[in-house]
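Got a structure here, written out as structure tokens. Questions coming.
Order as written gives the chain letters A, B and C; numbering starts at 1 within each chain.
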Amino acid sequence: MKIGTIASHSALNILSGARAEGFDVVLYCTPGRRKFYSAFGLADAIVEVHSFDEILDTPMEDTVLIPHGSFVAYIGADRILASDLRLFGNKELLRWEENRALKNRLMREAGLRVPREYASVKDIQTPVIVKTYGAAGGQGYFIAKNAEEAQEKMRPDQLYSIQQYVVGTKVFVTYFRSLAHDRTEVFGADIRYETDADANLRFDDTPSFIVVGNLPLVLRESVLAKYYRMGEDFVRGFQRLTGQDIPGPFCLETIIDREQHIYTFEFSGRIVAGTNIWIPTSPYSYLQFGEQMWMGRRIAREIRELMEQGRLEEALT
Amino acid sequence: MKIGTIASHSALNILSGARAEGFDVVLYCTPGRRKFYSAFGLADAIVEVHSFDEILDTPMEDTVLIPHGSFVAYIGADRILASDLRLFGNKELLRWEENRALKNRLMREAGLRVPREYASVKDIQTPVIVKTYGAAGGQGYFIAKNAEEAQEKMRPDQLYSIQQYVVGTKVFVTYFRSLAHDRTEVFGADIRYETDADANLRFDDTPSFIVVGNLPLVLRESVLAKYYRMGEDFVRGFQRLTGQDIPGPFCLETIIDREQHIYTFEFSGRIVAGTNIWIPTSPYSYLQFGEQMWMGRRIAREIRELMEQGRLEEALT
Amino acid sequence: MKIGTIASHSALNILSGARAEGFDVVLYCTPGRRKFYSAFGLADAIVEVHSFDEILDTPMEDTVLIPHGSFVAYIGADRILASDLRLFGNKELLRWEENRALKNRLMREAGLRVPREYASVKDIQTPVIVKTYGAAGGQGYFIAKNAEEAQEKMRPDQLYSIQQYVVGTKVFVTYFRSLAHDRTEVFGADIRYETDADANLRFDDTPSFIVVGNLPLVLRESVLAKYYRMGEDFVRGFQRLTGQDIPGPFCLETIIDREQHIYTFEFSGRIVAGTNIWIPTSPYSYLQFGEQMWMGRRIAREIRELMEQGRLEEALT
């Protein structure tokens, strides 16, 4: 059996981890990136494709694919859901992640505190982030301090979604749900490094939040204990709603305000790029395993243990 | 002999390090945190308590306790000082840390540059941080650019302490004072991640400084050399004032301004949570030991070496 | 053969790496720093000098020196270029780095996007950073939002250089050019921690950019692939201009704006202090080598491999 993925996002993380656990690996790679990935020792693992959606038609009977953020971006959730790719993780969660209403329903079912949504500008009682419909990729929105400022900045002919803007520190926590051990592990914490929100200076009051990288973070231990419970609650919430489990990595994307309230504004139901900062180990995974454990390796370890238990199919969808 | 601590702050750091050095460990843990600490492999080390101050009445003849920030927060400095707990480190330093006047006296004796204290608003010559008496936990104060702004924000019926607010970058440096080797080691540097001071946006001019986590930092080597001397000066200052040593970890909490002056505004006489970012190693501890060395392990290594030298009692108070 | 350097900047990084690869080491150290470097196990490697430029007259027939940022600062580019020191790396690159016109020529030849230079205040079309001639060390300049603001802040009797100020996130990427493997490796990414640009508060609109340390960073994998190409382009640009190679470490100093354009505003043709954050390993070097690899060790590994190939002289100038 091989472990494979497409050449983007966290492919280096995933495939180096698979190799560390003794697996053969496959990298579906476009021509322009061949040299880059070869420089990291993956030359002999490359299967060249001209666009990533070719993997939908590529025979790969013995390969388990590890999905990451670029799968949806390049192939699309619908086509992935309709495909017969052997993906590690829960495809159904992808559907809940892609749909704003389902996403909010899951976060609320899990008991997470989420930012308020305002139906109309006259309901606004907090700072807000106002997005035009269809906005994506960290642009196409503005932030307003209150209803008056929001009103001023909105155009009458435009549809908007209005969400509470929580003033506080960004915290992204990644988890690993292990079926082999029937437990939810806190893997690590990080901060997205965003342009130009994280610039030293900016000459307007509308930062953009385009992720260029990630910074490592540890949490106060009492705060970490809260996030541990949130991760468990998230898994249980999904189980209640769907009767299904969440094998593998997921991420809760949060803001902590000055009252120490933790607002979850987003989740990801698969490996996130923030785990790349924790190669070859995070403090939390080291505490848990007593050896260097990065996310790609954690995934491969789980696959190996499930194979030994004859249960791998439970983690594939 | 066992190494123990209470289930908060840096307990994972401390106990994982003790185990790495071959010690049995004890975790005094409240019921609500049992599951969290069990998830990190500490289930069989847990002694359940309903509140942390129960350890004052718990028999633990062969256990050395490693105090951390939550000891004072949950039990109180007075009761710790009056107890017969076998603590690693110097209890007397705790007394100097808890009392603002003693604290300043020690920092000045050590030759550290400290922010100015202003007796009255009319003396103000710099930006200031103005605290109401009894304020704690990163709130209950405001920052003012100058005397005029401070005057405006102060209420006539309220007592305040007025301290210079140093504009610059936050730098927290942790040290380890080894009796076994008679030396002061620089262990690592970090930055507190504070809400909402470290938020991307804030709609007022009064940030709060509530610590939610820590970020890793290395210093310019010439700056590191200065901090090394400051750590040595701190130990010598305490020795001059009390005739006693400071076994184990301590931390200097500083701001570096644009003139590259280093202001020390606070110290901690025990392990700080900032060392959690350096699990399993910091660059500085790796340079020193040539192996992965986190603070919990460093403490346990010292205890082991002092036992081998028959000198452990010197480090317990 | 020994590996040596002067006691500053990244000396701990360099010499610990040399030892890890089995080399004897020499540290040219001033008296005031002897204790600091001894604390890191280098006591027996110290050759005391009263000022660093004494190394110009110190016999060291079998020692290869690893130059770092303090060489130019303490000894001067001219004297280094005129000396017969056996330096690892390309001295000629030093000349291109020291001269603003040559520096820009090399960056443009390499196809890097560089900030615009404005000949006159009336040409300004972007935010600008305006420097008085002779300014150095992160001070002696101001930032202006546009031509009007620049005009206001400039004094008629003063000469200035005017450069586009790019609003965005700071990203410093370090590379290692290996002659032994004929390849350019991405070593790591970091962020300079600067006072008071990175302070939580500042009461003026002119931040200073005095480096006090470095923070670790990983880049989005697609962004990393771009930086990989930029590193290769930089080497090829220098080869086209001079017919020479760049053995060893170099660094591109960039800003990413909200359009995701990467502006290179500076480069360094030798080890930078930012690599100190990646002791004992960076994610990228770990992915490449499958073991802990910091920059000092990478340099020593290259020297050892070139010696085995009988080609060390190619990397010395």
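Following the convention adopted for this analysis, contacts are C-beta pairs under 8 Å (C-beta built on N, C-alpha and C of every residue); 3 or more make two chains touch, one makes a residue touch a chain.
What you see is a predicted model; the values in this text were computed from it and never measured.
Contacts between chains leave no pair untouched here, as each chain touches all the others. Taking only C-alpha atoms, you rotate chain A by 120 degrees to land it on chain C; that is to the nearest 5. Averaging Cα coordinates per chain places chain A and chain B 34 Å apart. Multi-chain contact residues, meaning those touching two or more other chains, occur in chain B at positions 194, 198, 215-216. The residues of chain C lying in touch with chain B in their complex are 8-12, 16, 20, 33, 35-36, 39-41, 139, 193-196, 198-203, 208, 210-216, 273, 276-280.
Contacts from chain C toward chain A in the complex involve residues 127, 143, 145, 165, 167-171, 183-186, 189, 191, 194, 197-198, 207, 215-225, 228-229, 256-258, 260, 281, 283, 286-288, 290, 292.
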